[in-house]
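Given below, in the form of structure tokens, are the structures.
There are two complexes below, and they share subunit A, which is joined by subunit B in the first and by subunit C in the second.
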Partner chain A sequence: MATPTNTASRVSGLSGATPARRLGPGGRRRQGLRRRKTITPYLFLIAPVALLVVFTYVPVVNMFGYSVTSWNGLSPSKEFIGADNYIEIATRPELFGVLRVSLYYIGASVIQIVLALYFATVLSFNVRFRNFFKGIIFFPYLINGVAIAMVFLYFFEPGGTLDSTLNAIGLGDLSRQWLGDPGTINYSLAGTSLWRYLGLNFVLFLGAIQSIPAQLYEAAEIDGANRWHQFRFLILPGIRPIVGLSCILAISGSLSVFEIPYIMTGGANGSETFVTQTVFMAFKAYKVGLASAMAVVLLLIILLITWVQRRVVPDEKVNLS
Partner chain B sequence: MKKYGIAGTALALLLALAGCGGDDEGGTDGAISGEITVLTQRTDIVNTVFQDYKKKFEAKYPGTSVKFEAITDYEGEVRIRMNTKEYGDVLLIPNSVTDDLLSTFFEPLGTVDELKDKYRFVRNEKILDGKVYGLALTGNAQGFVYNKKVWQQAGITAPPKTPAEFLAALTAIKDKTDAIPLYTNYKDGWPLSQWESFRGVVSGDPDAAIKLAKDDAPWAPGKEHHVIDSLLFDIVQQGLTEPDPTTTNWEQSKGMIGTGKVATMMLGSWSIVQMQDAATNKADIGYLPFPMQPNGKFHTVMAGDYKNAININSKNKATARAWIDWFTDESNYAVDQGGISALVSQPMPSTLADLTAANTEFIELSPPPKGEEGLADKIGNAAEIALNDGKYRQRIVDAARGGEERDQGRDLRRPQQEVVGRQIQDQVSG
Partner chain C sequence: MSLTDFRSTEAPAARRARTNRTEIVGGRIAVTLKYLSLVLASVVVLLPLLVLLMASLKTNDEYVNGEPFDAPGNWFNLDNYVTAFTEGGMLRAFVNTSIILVVSLVGTVLIGSMAAYALDRFEFRLRKTIILLFLLATLVPGVTTQVATFQVVNNLGLFNTRWSAIALFLGTDIISIYIFQQFLRSIPRELDESAAIEGASSLTIYFRIILPLLKPAIATVVIIKGITIYNEFFIPFLYMPDRDLGVISTSLFRFKGPFGAQWEVISAGVILVIVPTLVVFLLLQRFIYNGFTSGATK
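And now, the complex of A and B:
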């Protein structure tokens, strides 16, 4: 916590000093100042860029390195085997079979985006207890993923919260083994994911909606537009870039689902996703090389899908005012 | 100098990051003094029982100090840490370290010939080229922990002798009592991995592990893995386990067997003490041998639990060695935990009285031939079956419940067998 305060005081110190120097007549001084001005932003960048390089790019480069070896994660020797791991991935359909599980999460994220859009629109107008509802919807996103997984384990267990609730409202017949039944487990997990990430989409949409100038609503109302018209012709076009971004995040998120199935079921009972399978390869079957190659493949798939989405829905500048 | 302020902060931050792995100098080889770090998996007693050990050890060797590092996910975390040099001075050898890598990471503690008269579990476990790399904390026998009262209520008083009898007993429990006949602890995964420790128990053959590595069809009828996995499959398929395995709870399961809500669980003998602690009456908890009588007798395999070893990069090997010797010889850890002591001179623990009463033969598996250390596990990993990981048996449970493998044909074991057979050929020929 100390660092930001320090930086802040240094920033104000610098800007405080600058006007005084600007009064000075000497050309050299001015040159020095210009140089300092060009250097300063880069100095600010050193720390974040260093963190990014050390904790993101170096590991990714290493991962590419591992993916062409048969390393087991421990042995000091890493035998180079070229593209064998990639060939293995391409020739083993069962490795991709688990991507079918991602469809459940894609389905859930469609519902998630629609719901988030609905709530964001409703709560951007003057509604009673609006801040309270905003809080409730955003709150799940703030909770640690592990805690959510634990809570939902109790929620789904036989005789747990969900079953009790269903009993209480007379729908006890609906209760079943939410996680034990291979037919429902992925719906249950995708539902958990929906509950958790709804808040993020909601806040993104809400922020975007609120950036639409207020006089446009007034003008629309004068023209006789009802709420639906306002949404259809004002809000939705106004926040299109954010909706597009949310879709990309939702798809890539659905392909790389990890923590909810990993913590709640460990990928058992047919809830295995591509990433839990990769973790199994790396840390249970000790095929770090193959797992790295799988991670690379997933990265490429996500990049490809993002690129396609970008082509289909180009990022246009929105100008409403 | 103000303009260097920010750059300086950034630099300092970088240096701080780079300097994270600082060296701490301990004593030199030979003298028993200085600080050692001991990694342990016992997060539950590191602040109680282990502090007591620390005091006694430091009193015996003045000038030493022992620091514990308790790790919850011991297997997962330590293996990754072993890619650096900083993995404590004394640590437990992770199960996933195949024997051929022992000399890369650990200091030898002596030859098998030197140690075998004094210690159990040094003939065949964690050895490479006749050298011993770890001393067991404690040892276990294998079987089923059960609630005697529930079994008696169902009218079963003698240990079942065949898998069929065992199934009949569980069925009787289901019919005559309210208890869950067998609790799998499926959700946590590792309790299911315990089933693999019946390797050698089913056949009563000390060479079971060696033969497994050479077997092209370990799931053929009559073979050990067929017997073990069929028993689990049948138990689950006949509905003799908890209704929803995906929401089992390990901590709760102890109380459930203690109070008779659960009748049986498959766990190593280390679990007996924990189950007794959770029971209303300690005498309710008993231990059953695997329902198989090769050569007309029950068998159980004695095997060492985690083994203490010295980090080959340790700067204080003398003190590390002193700790391992003290821990094995004098701490009384094994007896306190109800396990089999690594010391040959210590008698069998009272927790195994049930096995002795059932006239069970205790065997130790034979050491693998030179060059085949850890071969069976390597083949398992290559085939992605990872026999010692719970996931493999989770799939059997899923299949028995009509889950994951439903669409891919009835016999779950067949495709795996083919894969393993192929892998073995690769291993042997390449």
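And now, the complex of A and C:
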């Protein structure tokens, strides 16, 4: 569930047409249309809005409600206990402390973004087998998460792919229980996450770089700019909004990691994340109240980060031409 | 920023001549490093997959007694695939996934395009409010609300039916509405307005004019959404625990139990799951790249 869907950018897009557009030529005709069919748009919107309310707004409101009860998810009555669940989260280190595990994934995301920037820049220019390399780097993002988890379970097995590779290049001494050792488990899992998501950042950056007008590179080259200068003064400012966005998505994705640790280790050996723990609390330990409070905490943290991002990197259009 | 910052006072031509030789040597090293990094990245991506492919073609004996890099004795040994397909229930998984995929995709296209049509082509009192509702919903990550969503699905009687996954795929998808809306703006209003003047009803306009013109957007939505649904684990795992309802992800997840250490069978299951993705990717490469950039960045 750490899929980096692109929240913040979608937000700016949905904001609808500007009033000015609506008063263009043909405005009078449109007014006539409007008078005649005032209920029509509602008919078209019944299904989407009903689904939106039932599967997004009702759960969000309920979640806040459950979070102040000791409900187990089954019994017909819900006992109100006020802020107790929140106090429990704040005081039991094993609950809030798992957020520490996110740091490994945040670390991996930094490497992921840097690598994606590098490969996107390199592959924006003339390179032999360009499409082949593009495909290879992007493809992991399309692979089923369970399949990826299985691939890397095998990869990290004792005597598996990684150990054999290390043996082959003479580093056999480094072999260890990659997923059995609490010291390496989160590095292994975060590495898997990097392998999986690099492609998405890469493709987003590639798209952004390609929208920079080609004559700017020519002008820069006439001015004697080398590739690094071009990257530093042209590409980076040109794609700044998408880089900022990727950072935010990386952070909120790192906080809500679920699939990889859940499938690969089941949360063993200190690889438990906030979400695997929430799922455990809600559906195995039947503490829906406590789990809801944890989910509320996570939601608020993510909203806070999104808000900070909107302040730090405003969604402005960069004008290079 | 200014490009003149790094323009030296020297005439460019003179400077270029002087640095030419070092530049050529430096350039060669840079090119070598560039290709080296690309090859290295390819190895990192491909190696885990290729080793798994080899494992899927081995017999149990070969797997137990051999090293991961040993080639399978018979490159056409498909026994593990047969086991995965029959005992692992992969056939049922593909059927279930296909049903959910088709219904959800048709629903997503209809619902998303209808919403976009209503929001883009009509002025009405609640328009701003509804847009705001869709906007705010994008800020809520699905994974955080599942605890409460579960109760809603349960109360609707959808738990352990395919409809739970379908309803959630339809209900929590805002990106497709957004893609349709972006695309609708590029379709001239005059088209549907003149149809309206000739007496076509809104429904006729939607089905006869808007929907056909939205074809490229529909392709984008079907590709992005299709890949997401095919790969989704959390929703089917949580809402359809019944074995008979297993989809690709959950069926593969169950391999961990019965096949335990039989990596040759698990590998075959994994390859079976990846191959359709690979085929779709190779066939639709260009559209997939475009879909992801237009779906996520604009």
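One rule holds in what follows: the second predicted complex is superposed on the first by the 261 of 321 C-alpha atoms of A that agree within 3 Å, B and C clash if a C-alpha of one lies under 4 Å from a C-alpha of the other, contacts with A are read in each partner's own complex, and residues count from 1 in each chain.
Keep in mind that, in the parts below, a contact is a pair of C-beta atoms (placed from the backbone, for glycine too) under 8 Å apart; a residue touches a chain by one contact, two chains touch by 3 or more.
The shown structure was predicted, so the numbers you read here are calculated from the model rather than taken from an experiment.
The larger set of touched subunit A residues comes from C, when the choice is between subunit B and subunit C. Once the two complexes are laid over each other on the shared chain, residue contacts for A:305 go to neither subunit B nor subunit C. In the superposed pair of complexes, A:76 makes contact with subunit B only, with no contact to subunit C.
By the document's definition of touching, both partners, subunit B and subunit C, reach A:47. Shared-chain residue A:265: touches subunit B; no touch with subunit C. Applying the stated contact rule after C-alpha superposition, one finds that A:177 touches subunit B and leaves subunit C untouched.
By the document's definition of touching, of the two partners only subunit C reaches A:295; subunit B does not. When both complexes are overlaid on chain A, the residue A:106 reaches neither subunit B nor subunit C.
Of the two partner chains, neither subunit B nor subunit C is touched by A:89.
Shared-chain residue A:166: touches no atom of subunit B or subunit C. Within subunit A, the residues touching subunit B in one complex and subunit C in the other are 3, 6-7, 10, 13-14, 17, 40, 44, 47, 54, 73, 157, 160, 283.
Residues of subunit A touching subunit B in their complex: 3, 6-7, 10, 13-14, 17, 36, 40, 43-44, 46-47, 50, 54, 72-76, 153, 156-158, 160, 177, 179-180, 182, 185, 265-270, 280-281, 283-287.
Interface residues of subunit B facing subunit A in the complex, by the touch rule stated above, are 2-3, 5-7, 9-11, 13-14, 17, 76, 79-80, 82-83, 96-97, 101, 104, 186-187, 189, 243-247, 381-382, 384, 386, 389, 391, 394-395, 398, 401-404, 406. Interface residues of subunit C facing subunit A in the complex, by the touch rule stated above, are 1, 3-8, 12, 15-16, 30, 34-35, 37-38, 41-42, 44-49, 51-52, 55, 67-69, 111-112, 114-115, 117-124, 126-128, 130-131, 133-135, 137-152, 156, 167-168, 170-172, 174-175, 177-178, 181-182, 185, 189-190, 193, 196-197, 202, 206, 227-228, 230-231, 233-234, 238, 248-250, 252-253, 255-256, 263, 266-267, 269-270, 273-274, 277-278, 281-282, 285, 288-289, 292-293, 295-298.
Chain contact summary for the complex, subunit A toward subunit C: residues 1, 3, 5-7, 9-11, 13-17, 22, 26, 29-30, 33-34, 37-38, 40-42, 44-45, 47-49, 51-60, 62-63, 66, 73, 115, 118-119, 122-123, 127-128, 131, 133-140, 142-147, 150-152, 154-155, 157, 159-161, 164-165, 168, 195, 200, 203-204, 206-208, 219-220, 222-225, 227, 229, 233-234, 237, 242, 245, 252, 256, 258-259, 263, 275, 278-279, 282-283, 288, 291-292, 295-296, 298-299, 302-303, 306.
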